[in-house]
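Shared between the two complexes below is chain A, which pairs with chain B and chain C, respectively.
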Partner chain A sequence: MSWYQRNKWWMVRVMRLPVDVFVFATLAFFLIRLLPGDPVSVALATINQPKTPELEHNLRIQMGLDGSVWDQLLRFWGNLLHGSLGTSLDTHLPVTREVLDRLPATIEIIMLGLGGAFVVTMVLGFLYIRFANEGLRRFIRLTTGFATSVPVFVVAIFGILVFYVILGWLPAPLGRVASGQSLPLVTGFPLLDEVLTGNFADLGQTLLRYVLPVGAMILTYTPNLLTQFVGGLDRELAQTATRFQVAAGASRQWIYFSVMRRSVSSVVVIFGLFFGSLIGGAVTIESLFGFGGLGQLGIRAVSTADFPTLQGFMIIIVVFCLVMFVAVDLVNMWLDPRRRPGVSSEES
Partner chain B sequence: MAETHVSAVLLPRARAARTHFPWGGAAAAFLPLIVIVLVAVLAPLIAPHDPEKTVADTRLAPSGEFWFGTDSVGMDVFSRVVFGARIAVRFGITVAVCATAIGILVGTFIGLSERSRGIQSALGGALNRVSDYIVAIPDIILAIVVVGIMGASDLSLLIAIVLTLVQAPIKLTRMEVLRVRNEAYLEAAELGGESRARAAFVHVIPNSIGPAMRNMPLIFGNCVIILASLGFIGVGVNAPTPEWGYMISSGLSDLMLGEWWETVFPAVFVFLSVLGIAYSSRAIPRVWPRIAAAFSTPSKKRKNLA
Partner chain C sequence: MAIDRMSVCYVTDDGTVPAVSDVSFRLSTSERLAIVGESGSGKSTLALALAGLLPRHVAEISCESARIGGRPVDLRADKSVIPRRREGVSMIFQDAMTSLDPVASISHQFRTVLKAGSGLGRAEARRAALNWTEKVGIHEPERVLRLRPYELSGGMRQRVMIALALCSAPKALIADEPTSALDASVSRKVMDLVLGLTQELGTALIMITHDVDLAREYTDRTLVLYRGEVQDLCATAELMSPERSSYTQALMRCVPRLGDHALDVLPTLTTSSLPVLETVP
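This part shows the complex of A and B:
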């Protein structure tokens, strides 16, 4: 097999990404313009100035809503090719910068919460196949029964009530560091920046302040991942491949590894499906713990009726989601070659 | 439903046993939904005070008169929480009905147009792709953008939530239609000279709405979650409205000072209602075949007699 044939599966998937981004941005363009209601009049209602036709006209131009839809689309595509999504009406900064400045901090929270949930899922899953203890298994099955989507901020509020208000073990949920201090800014990922600038006192503070939000995310998302994982484990344990390994005298470690590797891909699929609700959850968590970030930007854009920011905000977040979907697909295809396009197996 | 017919035909002796309506199972499955809806409907009777008026001093602790205390402007938290159920249920039912109805229509159109040619096929394919892309937008983010562009109102909230939740019934109905459209009765209808639109409404839709209908409690639950999340970050709901998410966020600063009742009671209600609806939405599909069997067998008998 040539190099191209061996690596075609991921190259094709990665190459589809720019097309997806372009199609999605165009779709978002139309979706936003098809909504009933006029953003210009909504914005006018928030401005404390006499409403003159000139003001309205200027606003329309600033929003990029002047001319016919096709003019707007051509301008939108032209800007998109240059990587520009317009300028915020509120701060007069490029929208891409506004969003990309805040994205890393949000990604950090999501990755910690999701990564934590993944680790807990793996550990519980391993315990589930390692020990045939009925009590333990019942406990793990009971946990999966909570696989619903209780909003993560509700879980976090119970956490705040117990660990801050009643017990006083954790600091107040008011930002990443004590008030009055500011975070160093290098990459935009707060923890990484604190390590890079050697601010280990701040790092400790931030870690302590991350306990509740990350803990709430782990508590909320673990049951959902675990449902998939335990289901996969039950299925894979009964498969002939597993029995063959046992019969062939493979070591226990190898059998555990093999069963877990085959079951984990359904967890990874759920990762992809969940990603949207994770970003939504992260927005509420940021708002609850005073972390600023993407949610704050969205809320500010809503309250000032900042049309270019709203449009760019949505497009950039979805592009990020699309990138994550590609990553999920690639990890899945890497874990389970049967999922690669053009590969046939006895099951498909 | 098609399965139950088949099994009833294949197992004529089992039919008598099936006709019993599964009272216990159905009651247990529907109970959480019924309780929530009852609280919402009877809110004016349950709530002792006006939910949007100052009725006492601010920040009173829970007591005999004010069961859940009062909030930072002196409104009764218990009344507000009960009326909050009303808002959640009103939105939940409206969204579930709208999303399911639109989803069934669009899903049927997409499913049927996949076999046809020309402009309808292109339109159906395009709609299917659009739906795929909209699924990729995080629900809260889409709602923030829709509310931001349309301004905060009930209508914009409704459109925002329906837009995110309509995708599941579209996909479910499409899958069902793809299965149903190969059935012989459709071919018979076509040969009998029925128009395609009539065939779609008379034959395809009634036989493919099952999954979308059973998905309704799930939409209801998701709607409650999205509404509470939006209210919590302060998007879409205006000030005195007793909406759970908004109540939670407006009581936060008092929670930090130890006055927990303003925040914790609405949070408990969100928690319980979401868990309850989730339980219902898993239990209803499980008892549904038995309920359908109990209903469909007598009606079949009646048809046979006629």
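This part shows the complex of A and C:
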């Protein structure tokens, strides 16, 4: 097989991404315009200036809302090709910059929280098939019962109450470093920047301040991922494939690995879904702990009727979700080649 | 292999349910034993229990004494979630598609077995795997080793499964309906292959089947099972003898013969209506 044939499966999937982004960005364009009310008049109402027709006209141009919808769409597409999403009405900065400044910090907190939940899920899943201890297995099955039953902010508030207010073990939920200090800025990922600039005192502070939000996310999302995993494990344990591996004398490590690998695909899907939704949805955690993030940008854009920022925010979230779905597809196609396009699993 | 008074009970929410009771048999090197019976007679349960594939939360196994390869073994069910293999006993199943790891390459599946069983290194394991794929009659072993089960035909998968089960040179091979999923011509070739390889390795063969003809052709002795109890244990050639138990005679009458023109309706087992396990007194 040629290199192209062997690698076609992921290349085709990756090449579909820009097409998807284009379609969904266009959808976002129309969705925003379906919102009731004229954003220009809303913006006018919040500006402390005499409302002249020139001001309204200028504002309309600034928002990209002059001309017909089709003119706007063409301009929107043109800007999109240049990677431009317009200029914020509130801060007069490019929307892409506003978004990209905040995105890394949000990704960092999600990676830690959701990634941590994934790791805990894998560990618990391994214990579930490795040890026959009925108490342990019952505990793991009980844990899955908490899936989607407790929202993350409840856990977070409870954590703040216990560990900050009552016990005083953890610092106040007021940002990533002690007030008055500021974070170094290299890549935008706070922890990484602190390591890169050798700012280890700050790194310690930030890590300490991450304990509660990340812990809350792990506690909340592990049951969701674990439900999928334990379901898959129970199914695969009963499979003839597992029996035959034992009967043929395959090594124990391989059997554990193989059973887990065959069970993990639905966990990856759920992980991707949560990751996508948290890009905007991490705002609850971020607000609670005084972290800046992408979600806060979205909220600010709504409250200040900052139309271009809202549109850009939506598109970035859509792009991010789509990238995440591609990643999920690629991981699952890598785990199980039968999922690759053009591979038939059943011929007999 | 020598098994004395072995019983298996399934563990259910309402207590245990007997599936196999007081089965005893002996099997010498290279000997071939068929276990025949209707569906639900306990033959598969017996096979799984012998291979050690029933974990303790599923079944309870008791046995007066058991020896495999001259060494006494404890047949009692394993505590682990994934049961441990019975040393020296391999098992093959009816459907090779669901028996092989669907996503691992054939060479990888060989490697994990050869590494665990004989402690072979990567290169040695690869040589052994090539050797075994050739032995089971697969052309182009180099290419086949790179493939995954879904890229093979049904017959090839069956051959790969046989090679995997035998490459650790087990003392006994249990074949649970090894050919039911194959068509008649392939089925005969696969059986010849299993027979040849087990004879070569000196591996005893236990074949679970409901096909009396297959048993007659490929085995020395036959154990007839009904409701988990042994009805007969005799040389396969003597299955038709009038000295056999009434159940065995009834079972034999159900085997259709070519040239039996007198039969318009195939005989059925009227003596046996297999009850649901739980209702057996």
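Note that in this section the second predicted complex is superposed on the first by the 340 of 348 C-alpha atoms of A that agree within 3 Å, B and C clash if a C-alpha of one lies under 4 Å from a C-alpha of the other, contacts with A are read in each partner's own complex, and residues count from 1 in each chain.
By definition in this document, a contact is a pair of C-beta atoms (placed from the backbone, for glycine too) under 8 Å apart; a residue touches a chain by one contact, two chains touch by 3 or more.
As the structure is a computational prediction, the values presented were derived from the model and not from experiment.
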{"item": "Fit-or-clash call for chain B and chain C when the two complexes are aligned on chain A", "value": "fit"}
{"item": "Touched partner set for A:M217, first chain B, second chain C, both or neither", "value": "neither"}
{"item": "Chain A: partner with more touched residues, chain B or chain C", "value": "B"}
{"item": "Chain B versus chain C as contact partner of A:A247, first or second or both or neither", "value": "second"}
{"item": "Which of chain B and chain C A:L89 touches, first, second, both or neither", "value": "neither"}
{"item": "Partner chain(s) touched by A:R338 [first = chain B, second = chain C, both, neither]", "value": "second"}
{"item": "Partner chain in contact with A:V177 - chain B first, chain C second, else both or neither", "value": "neither"}
{"item": "First (chain B), second (chain C), both or neither touched by A:Q239", "value": "second"}
{"item": "Chain B versus chain C as contact partner of A:I255, first or second or both or neither", "value": "second"}
{"item": "Partner chain in contact with A:C321 - chain B first, chain C second, else both or neither", "value": "first"}
{"item": "Chain B versus chain C - smallest C-alpha distance in the overlay, whole Å", "value": "20"}
{"item": "Shared chain A surface residues [contacts with chain B and with chain C]", "value": "none"}
{"item": "Interfacial residue positions of chain A with respect to chain C in the complex", "value": "128-132, 137, 237, 239-252, 254-256, 258-259, 261-262, 335-338, 343-348"}
{"item": "Complex contacts: residues of chain B adjacent to chain A", "value": "129-130, 133-142, 144-152, 155-156, 159, 221-222, 225-226, 228-229, 232-235, 248-249, 252, 255-256, 258, 260, 263-264, 267, 270-271, 274-275, 278"}
{"item": "Chain A - residues contacting chain B, complex", "value": "23-24, 27, 31-32, 35-37, 39, 42, 45, 146, 148-151, 153-154, 157-158, 160-161, 164-165, 172-173, 275-281, 283-284, 287-288, 295, 298-299, 301-302, 305-307, 310-311, 313-314, 317-318, 321-322, 325"}
{"item": "Chain A-touching residues of chain C, taken from the complex the two chains share", "value": "48, 51-53, 55-57, 79-85, 89-93, 95, 97-104, 109, 112-113, 115-117, 148, 150, 153-154, 161, 164-165, 168, 170, 174"}
